[in-house]
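Chains: A, B, C and D, in written order; residue numbering restarts at 1 for each.
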Amino acid sequence: MVKVGVVGGTGYTGVELLRLLAFHPQVEVAAITSRAEAGVKVAEHFPSLRGRYDIAFTDPASAPLAQCDCVFFATPNGVAMSQARALLEAGGRIVDFSADFRLKDRSVWEKWYKVSHASPELLDEAVYGLPEINRERIRGARLVANPGCYATAVQLALLPLVETDHVDHRHFIADAKSGVSGAGRKSEVDLLFAEASDNFKAYAVAGHRHHPEILESLRSLEGASGRKLGLTFVPHLVPMVRGILATVYARITKETDFQALYERRYAGEPFVDVLPQHSQPETRWVRGTNQCRIALHRPMDGDTLVVLAVEDNLVKGAAGQAVQNMNLMFGFAESEGLEQIAVVP
Amino acid sequence: MVKVGVVGGTGYTGVELLRLLAFHPQVEVAAITSRAEAGVKVAEHFPSLRGRYDIAFTDPASAPLAQCDCVFFATPNGVAMSQARALLEAGGRIVDFSADFRLKDRSVWEKWYKVSHASPELLDEAVYGLPEINRERIRGARLVANPGCYATAVQLALLPLVETDHVDHRHFIADAKSGVSGAGRKSEVDLLFAEASDNFKAYAVAGHRHHPEILESLRSLEGASGRKLGLTFVPHLVPMVRGILATVYARITKETDFQALYERRYAGEPFVDVLPQHSQPETRWVRGTNQCRIALHRPMDGDTLVVLAVEDNLVKGAAGQAVQNMNLMFGFAESEGLEQIAVVP
Amino acid sequence: MVKVGVVGGTGYTGVELLRLLAFHPQVEVAAITSRAEAGVKVAEHFPSLRGRYDIAFTDPASAPLAQCDCVFFATPNGVAMSQARALLEAGGRIVDFSADFRLKDRSVWEKWYKVSHASPELLDEAVYGLPEINRERIRGARLVANPGCYATAVQLALLPLVETDHVDHRHFIADAKSGVSGAGRKSEVDLLFAEASDNFKAYAVAGHRHHPEILESLRSLEGASGRKLGLTFVPHLVPMVRGILATVYARITKETDFQALYERRYAGEPFVDVLPQHSQPETRWVRGTNQCRIALHRPMDGDTLVVLAVEDNLVKGAAGQAVQNMNLMFGFAESEGLEQIAVVP
Amino acid sequence: MVKVGVVGGTGYTGVELLRLLAFHPQVEVAAITSRAEAGVKVAEHFPSLRGRYDIAFTDPASAPLAQCDCVFFATPNGVAMSQARALLEAGGRIVDFSADFRLKDRSVWEKWYKVSHASPELLDEAVYGLPEINRERIRGARLVANPGCYATAVQLALLPLVETDHVDHRHFIADAKSGVSGAGRKSEVDLLFAEASDNFKAYAVAGHRHHPEILESLRSLEGASGRKLGLTFVPHLVPMVRGILATVYARITKETDFQALYERRYAGEPFVDVLPQHSQPETRWVRGTNQCRIALHRPMDGDTLVVLAVEDNLVKGAAGQAVQNMNLMFGFAESEGLEQIAVVP
């Protein structure tokens, strides 16, 4: 049994992680921290967990995190980077949901996150936790930076194209749409029901923090071909709770059988499902699951390839991928605890 | 392993049943029928089931239902009553989601459902499948009539009151609210997104078919006290996919500790959760699960007791309760395959 | 032209008031205040008003409210009661959206609102602004307390019953359901899209602030019959933006033609529409309008009368009723500026 | 007063047209046809119109359409093309909401709509009713083909780019998102609340019927530069009732001040509102109004221009634009009856 600690268990990725861990046969949740809710039973805060979790939130200061084998940081940016070193030195391993360790380039990170990085010396060691790229390195990692939700969907949509040479790499377009839970459980006016419901908009059009994350990760795959990859990324807010659909556009420069390319690339991947040609995936097909489902189109038989990728932003885009990473780090079956079927309708 | 057949697998209760059965270790799904979709892979029709179900829909005429140990009818009213006898004679058992066998009184049934009953001789044998009332009879049953979704929530809210003598039995009020999936996967204008979204209304105020079902079942519990129970039942349509909240009002006539009464009545029930006093249950707390969660209130300390009960209309209100009934009929643990945690948010 | 000031123009009732006033031929909006947004163009804050309002928010301290003929307080509780006296002395008239002047009984007010009342001497003068009860007194009023949104719907549903003697007055039940905008534009976790969407719950079951308001107002109508009226009031949160449906239950004690009773009572009322018998009103039928639509039912021909009343909580439940009150106070046609047709779908 | 007939008044564009016409001072609605609802009061079918329309639906066979000055066809494709000739010969004018007269090229039309055109001789006379392109020709027209909802938003987003030479014309991308009402009031499973709510998907990715409409219209503007315009158009279904957001991507080839270009192009347009730079328009900003609001972005200061355009698919995308066209055809002020302010929230 792996002893698990969860730092910051009161948000959406926290409760989703607890839901998933409840079914993981190899895991014992030893501590769930929250400063604001310290002493409150977790199942009182999240009544959906009644009967499954008997423990209360612990104040982070007194939580036995150093005794945990694996600590998940389901916290805002800035928390993990200040606590990681001590936990690693105590022998633990870390999966960080935040952006603290997602970029290798410290200056880019500091430009986008507008603070000094508290543990720059760990940036090199941290492994970017997208198993479809970094599976082997994750297995040996002490510190895994769990990717952003948009970043996961967009990269999985682009990966087979970026690794080959059939489309224009300099002008990818990712028009991404996310449910509101992606913004977290923050009391901001923009996220109110009366603002977001029966409404649709683009946001962060000038630049979203997942943009440099996608760029750095994908450019590292282009290898000798040089850092040339270009991407226009526009996120949109959908009046739904969960789910991301990324609609990705690429200009074809050299013909190939793209369907076969994707099927080959993702053969054997437990959580990437290449759908039959002409499928039009819906976000609810993956709701509550760790699946990313992908379909390819070529509208009007033109020279633009359209890739549609759906995921649940809280599962494959956060808590599920974190469990997948833990499974790799601790040598469990990669799908352990992640066999849910989507709740439809 | 119990060999299971599903008649009518293309609706909402059908796909939900398939989701639950996928995790049931004692069950093998041998046939799923659909006239319209015969030959189509189930996972093509419901892509959420990709990787879990390899079989195709079978035409009901040729499906090997007679070889099944247990047949679920996830069909509209009128189908099960015409096929039940043959299946029972072949040695199978039946859980019927429809209303065909829910009432003992044939004349009441025919008045509400406006057709002649095709198997009136089975009405007596059929067991009304609310385990919280009929657990022992369900264990021995060949034919179980799975209760209606509203009927389940309202009865669980009322049961401890009906079985005792602390409130006015003649004037219960059940103001019930349901998500739209309760109406099934029918292409009716009223159920369109553009009709039901951002909107709220009562419907079937003059009389809803679950009303006689609730009355007959509850009156049978009043025993010697005579058939005096009266109920005003008004259903409402909520712009959400799943979930029922029943708000039940009862006039207190003799004081008691109602919280204790409910906790006692439901102690040991695996799927009825009496919440701490003053709780305000939300439908999402049970979304995707077989739980019914109940809370008691006494507004302004007056003489009106308010009981709030939430369930997922497709699980405890349909497919989950059907599996619970099957578990009882076949001697499995009552919770087998029904351990899901609600997907929140 | 009436010179109008709007105190607190950044919330939902504020923007709705501005929408309505834009079409009022007798009104000129001279000042809209907001401390937080002072100096910002109103149409920048609410782009829906682009091209209609050229002015900016003014800091309340420097706003020319004393020069206004009519000041609307679209503010939280506590603001109007501290500013009303000065404005009245300057010769203005006031319509207050908040609860500050809704109760005559100061001690009840202070119990529910948990602060000392700042202008108790104005409580007697203030007129409760439900035109269907107080039309003549509103015409002469300097200070009108605009009713709460629930309070409006519930009272209009009950009025004909309270004024006559055909039902049990001691045990009314009002099961009310409101869209989320009723809670205002407050950044509270409970009101987030990811909390309120695809979800349903009751709230404030122990006691809601509109309860004493309804009681005091309706009891004043019972006259010689004494203060006996009793009401159980349970509000619920519907995942929609706007709209209230109140489902009211009354026990019939003396037969009458209730449909005729209601039609008689509301004949000539410009904003109460008694629907044909057996109608099932939907909140969208009144979305964006000042109408309250009411239907009567008698389920299963029993002794319980069910009254269904729908309104738009931001219009007849707030800004529209405020304009209606202003129209009465200033001698305009009662419907001036309030002729909108519901946006359906 | 213009005598107006509405053919097919029971759908969403029909009821929206009736809402708008109710406030048009120059219009008298003489007939509203519906085969299915003949004899039923319009206000009974659409209770939102109670008190505004006293007439009943007429059977199309007996409706006095030939006596109308202006007939709106709010019908499915195929109706207007079989009735237009007779009405024109009777001296009436026509605004057709359907696609019957939108394309000049009959063979393209027949390929996409899969029937023979019933009045090919009228294709040349019909004027494509996008006032921002064809204002003068609409003024003199007898037969106006009201544009599709997507087609309106996408063209208004692209127009200033298509008319000039600053971006690559061969590779426009329009990623469009629409509320569900855009599909009409059809009882199709895909449009059910339980299918479309809390869900997101692309559809018609292989090719949507508005694609040839956009292409033909925009190519006609390119003039001497030749028919080179290329467009990838992917529509998506948003879980909201009304609204379209088109996110359009264009590759910049020659620098210019794009904000100024758009402001110049649309100066004086009553229903196109170019927002300040960096605005992120929301569909609710135009809900219920005839406005199209447009904003420009250049993410990360790259060479891709992003144009965001919002409209209400039922107003500027259908009924409102139809009234705008009628205003032009009959010499009324272009904004007559179209001054609504968006209902926010």
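Operating definition for what follows: a residue touches a chain if its C-beta (ideal position, glycine included) is under 8 Å from a C-beta of that chain, and two chains touch if they have at least 3 such contacts.
Owing to the predicted nature of the structure, the values given are computational and were not obtained by experimental measurement.
Centroid distances from subunit B, each centroid being the mean of CA atoms, peak for D. Inter-chain spacing, taken between the CA centroids of subunit A and subunit C, is 45 Å. Between subunit B and subunit C the centroid-to-centroid distance comes to 39 Å (mean Cα coordinates, whole Å).
Multi-chain contact residues of subunit C (touching two or more other chains): 12, 179, 181, 185, 194-195, 197-198, 239-242, 281-282, 284, 287, 345.
Taken as a contact graph, with one node per protein chain and an edge wherever two chains touch, the assembly is complete, since every chain touches every other chain. Within the complex formed with subunit C, the residues of subunit A that make contact are 12, 179-181, 185-189, 191-198, 239-241. Against subunit B, the residues of subunit C that register as touching in their complex are 171, 173, 175, 177, 179, 194-195, 197-203, 205-207, 211, 230, 232-234, 236, 238-243, 245, 247, 249, 251, 278, 280-284, 287, 297, 299-300, 302, 304, 306, 308, 310, 345.
Per the touch definition, subunit B reaches subunit A in the complex via residues 12, 15-16, 19, 22-23, 46-52, 181, 185, 197-198, 241-242, 273, 275, 279, 281-282, 284-288, 293, 339, 341-345.
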